[in-house]
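The following pair of complexes shares a single chain, chain A, combined with chain B in the former and chain C in the latter.
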Partner chain A sequence: MNKNNQNSSRPALSNYVFRPEFSSLLILIVMFTITAILQENFFTLKSIVRNINAFAPLILLAMGAAVVIISGGIDLSAGSALSLFTCVLTTVMKKSDPITGVYAILVTLAVAILVGVVNGFGIGYLRIPPVIVTFATSYIWLGIGLFLRPTPGGESVEWFRIFYNPGMIEGIHPYIKQFGRVIPPALILILAACLIWFIVSKTRIGRHIYAVGSNSESAYASGINTAKVQMQACIINSIFIFLAALFFVGQNQSGDARMGDPLTLRAIASAIVGGVAISGGKGSVYFALVGALILNFVNKIIFFADISTAYQTLVSGLIVIIAIAAPVAYTLYSKE
Partner chain B sequence: MIVLEAIGIKKNFGGVVALSNANLRCYQGRITGLLGANGSGKSTMSKIICGVYQADGGEIKYKGRTVRYRSPSEARKDGIAMVFQNLSLVADLTVWQNIVLGKEESNGIFLNNDSAKELSRKILAQLLPDLDINKKVSQLNPGEMQIVEIAKAISQNPQLLILDEPTAALEQAQVKNLFDCMRALAKEGVAMIFTSHRLWEVMEICDDVTIFRNGENVATIDFEKDEKDPEKIISYITGDTQKTKVEKKHVAVTDETILSIKNLNYGKSLKNVSFDLKKGEILGIGGLAGQGQLELMHALAGAFHSLHCDAELRGKKIKLNRPLNAIKEGIVFVPGDKQLEGLFLKRSVLFNMIFPKMGLPGHPSFIPYDEYRRECEEIVEVLSIKTPTVDVPVENLSGGNQQKVVVGKWLPFDINVLLLADPAKGIDVGAKRDLYQYIVNQVQEKNTSVILYASDNEELVEYCDRVLIMYEGQIVASLEGGDINQDTIIACSMRLR
Partner chain C sequence: MNLGISMFFERYKKIIVAFILIVLLFALGGIIVPNFLTVEQVLFTLKLASFTALFALCQMIVIAAGGSGLDLSVGYAATLTAVLTASVMDGQNANLGAAILIALALGSAIGLANGALVSFLELPPLVVTMAMANILQGIVNAYTAGRNITGRPSPILATLAAKSTGKFPNILFILFTITVLVMIVLNKTKWGTILFGVGSNETTAYLSGINVKAVRCVVFVISGILASLTGLLLIGNMGIAFKDMASNYVMPSIAAVVVGGVSLTGGDGNYIGVILGAIFLQALTNLLIAFGLGDAGKWLAFGIVLYVLLSFYASDRRSR
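Let's turn to the complex of A and B:
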């Protein structure tokens, strides 16, 4: 009781401590420390660059998932959309002609916006529950992906590696090669996503995404076009997925219509572990990044702790549950 | 000058006729009152004017031209703003973000937050200067939310302002601020439509009233020409000339203490609350809004798991930290926010009525539906709940009948203490009379004890044997007999005495 009273007299501190995001940050620090202890060369430059590259796709998808969840929706088609984008990229690109790389980026960006529009149209204008819409569209994206690329493969222009590791491109200036070893392009993609959301969150669209997710009837009564807002959230999500697709093609130099599937639910889980409320309207897109890091570190810890493969999924599931339950227990305790 | 004229408006929802032939006129700089029972079509009328619903027939003329709005934003562009009964606020945004919601200003691409905050501060300075505009709406109490809602509508600089029951959640000082604000707006030439179930408010603030019954306007009274006769207005609302007061014989309260509460503490909202409840007594809980009255009712109903309190029922120690414990001891709760706490809106009347029984230990695994249906039909009969069958979803019933279902579901129980948290909130004069008539009967026939929290002091004055006044989570005064009147209650609430 007394402790509580003291906290309330210092609102600046309690505002942070009582936010559900705060506990996810604590968990991340714990995970980070455990990983650093288990992995011997954790703090070497090479390892850091490698980790950022490994974490990037889930981070980008988690941020996208957070935008959609905050707007009151959910996206079960994120993984299939990611796969589709890699297929489109590798279909438009011809290895012999470097300029096709630019065409591919533009065409895929258009496809990404279209994917967002279709999801948003179903959710916002047709008012079909988001779970149903995106579950259905996930098969549509998969179908189109398989049509373009029945088996994994395809061509990619050489310079596309710039999205993964510029150091691997032949005949490039040595300075740029060195640069790629220090600052991985994956980090630039993540920063781009953060910047996009930073701009959006300072505009009317960002405010309205929170309003619609929190209470769409109230938002409608306030004169907000809720369907449009839901569509905008879907498009932003799609653009984040598009950034992840650029990274994948840069890394693998090929497209695969099925590669993204496992990421769908992991992205949603990351957003929730990061403190985004599944009911919408609450949470931070940046903390979805924290959630994605936690999920990635879970995998690393299990790998380095020499846990038998038979138990790996079990342990990772338990850690995720603790990560989600901790903030709930924390808020219950702090209310007391 | 006529600002708005609605002629022969019709509106059906499914098979239910909400408006059959409704007419309304609003004048520049005048406040028009809308009166009527629940389900008489006042709210529907307001929502059609501001574009939330579209009329099935009839014509609306706004400033001389026929309009037909398809959404609230279209109406808003023409200068029509509405204060909604079911608030249009977004809980996860702050006060100032809500006030500018839907009409945010931007400089370039980014939002201009400074101008939004300044505008919010300016408007709230008239209504509730103490309110922190950086608070999230979810942290506000119902009265504060209502004021933010009003501020939001005023911030649009409307020419026609519709206030749909803005005072239901407000305490009297706040109502006074609101009325001052409305008078100032009227001077600026704003036309207003005002609805309220509290007759005295309508008579105080309105220049004329239009009374609705069963989807039609049955009378218009201009207070400048016609006399203000509350009895006449009530008879227009209910459609009968029956007496509106509940008969209450003053039976001497017994000396037997049924419930004794000592040192009840809960967090920051309740401090050292102690009182004794006599058998057959109606104990009122009063005070300004949000001084812990609702928390006290919830605490007695067993809603707080970590409650510290010494409670005795008929001299036997009981624990009040689970709703089931309270129900088993015959302490039952009728919440004011019936849609949130008291009902499963989408389920049938029958389901709602039998639900409390199913949680009791020893309830048969297979539900004896035939028996329950008979019992439920009896209760519907006793409380004269207006419903075609008991299988109708509760959400199709009007507000007053919904509240009767909440009360009715406890009827089969052996009630020791009946907790009523603002039971008449948002229900009309007729339903209110039925409800209190029933409660008074219960007390007189079965010697049930009642704890009544009411935000309307009139209800406390009329029905209570004793009134406890709460202030900042403590009981600061206990009024009995002749002390129970409006003036004393208000004076004690504001700690003037």
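Let's turn to the complex of A and C:
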């Protein structure tokens, strides 16, 4: 606490209050309360499980976006990559042959790592600005996705529903069924992502991601292979997107080359609302989860307030601008 | 003399590359696809490319001012203008003035919002303009929800954008006029010097008394206005307005600038090269369609072209 205050003339309390994490938690509590009031049965098990399922994809993508943004990059291809993964999964799988599900997971994981490598190679080794690289690759993923699935569809093995709702699988053990009713698989996917990041953040890679993001020149000068670190961040992001793809195919049993597009900006927005600085090096991957929850609650509130869903893209665009403009406006204001 | 020629090649290296690419593409198309090289087909390709070129002009001006600027909102700025002016014009020439006024107001409002956020609050241009695109898309969706978009373009607009004089599409005259204007403004007036000055070195520009922030704001306003006016031409060409009519131009507009050899770091910009880039992309699209690779092939090819060219051009400024 004292350490934090040494360089600041501001009193101790405001040091906490003006931390982005604090304000995002506060907003989350407000959103949570409003939603709980508006939605009947908000606290029933069924509705909690349904909400977790609805929120999971954005949470996973937001955590991935946070990793990339902290490393000093940004990923405009996340949505297209998600779509591509659903297309690959549903192309490899044959409904009649359960073992193809395993092949599909392995192939798509390889594709996911490749996607991370291509993005990371452009950002890290070729040193093209991250926004442009991922803007270009987003169309590469879209193109490949459209080759595999010109129209939404495809097939999936029955047991893939285990990533969405084990209760829907015929002849499954009643214990698993019961377990799935209490703990939705989406929650396990989110916990898996948290675990992956927990392990990574305890290693050198995690520290290097922060170092490269906050100042890549001095990180390079102190012997960090910055290009490699940026590529690792892209691969972690890609793996989180892969987890979201598992969930989507489990839910819809089909693939769609364009389904992920609206999620790209929402994922970036979630990370920023969760207090991740767009300039890199600052913020927490776990708080991106908070940001994603806020954005999801906003959507729910729009729904309950009887505002047309046509306004949802408008509102999420506004939220992004407010979220990135607010900290800057605050700094300008406090300078005067 | 020799030195003069080599300097010419050095300066216009990227444009020459773009030109060679186009010639190769047309040659390839002419050999493989029947009717690819007929006069009608080539002129039709140029007509389609000119819309991409107009959107690419927005990008080029924003990019030239530096600060890693790009404008992803051009597509929905054009769509919103087209959707709103369709019912205003209602097929009457008398209403064209009102439509143009709406386009100007809308374009400058959108551009001003983008520019203020990017230059005065120093927010990343791609995120701001992508969010702006979402907002505009939301407005279009809300406006079109539960109603049909009625109205037709005024006959003058349709003549300018869709019709031809003889075999020659009229839109090419517009593009030609704009090209001459752009070349004069950028190369012969102080506006061009200021724009490229800000883009190539903002500190020097600032020290020589240029208001860098104002310039970076104004380029977005120009981009917004041009995008809205292009939206008018689009509805003139298509005859109707619809929800996603211009969203497919955003990616090609940026790719055209890169293929045209304009550095994404700012400080230069040759519109002739950008037009060549747009023609290249359109010819590539036609060729892929002839091969039966529609949308999938187009987006994949555009993505790869952009990635590969960027990786070549990025090596120019790689230091360590």
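We adopt the following convention: the second predicted complex is superposed on the first by the 289 of 336 C-alpha atoms of A that agree within 3 Å, B and C clash if a C-alpha of one lies under 4 Å from a C-alpha of the other, contacts with A are read in each partner's own complex, and residues count from 1 in each chain.
As a working rule, contacts are C-beta pairs under 8 Å (C-beta built on N, C-alpha and C of every residue); 3 or more make two chains touch, one makes a residue touch a chain.
It should be emphasised that the depicted structure is a prediction, and the values quoted were computed from it without experimental measurement.
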Which superposed partner A:Y220 touches (first chain B, second chain C, both, neither): both
Chain B versus chain C as contact partner of A:R207, first or second or both or neither: first
Partner contacting more residues of chain A (chain B vs chain C): C
Chain B versus chain C as contact partner of A:G171, first or second or both or neither: neither
Partner chain in contact with A:K282 - chain B first, chain C second, else both or neither: first
Doubly contacted residues of chain A, that is, touched by chain B and again by chain C: 220
Partner chain B, residues of chain A touching it in the complex: 1, 4-5, 199, 202-204, 207, 210-211, 213-215, 217-225, 281-282, 335-336
Of all residues in chain A, those that touch chain C in their complex: 74, 76, 122, 126-129, 131-133, 135-147, 150, 220, 265, 268-269, 278, 308, 310-318, 320-321, 324-325, 328-329, 332
Sites on chain B touched by chain A in the complex: 52, 71-73, 76, 82, 84, 86-93, 97, 101-104, 106, 109-111, 152, 267-268, 306
Complex interface listing, chain C residues touching chain A: 68, 70, 117, 121-124, 126-128, 130-135, 137-139, 141-142, 145, 251, 254, 264, 295-304, 306-307, 310-311, 314-315, 318, 320
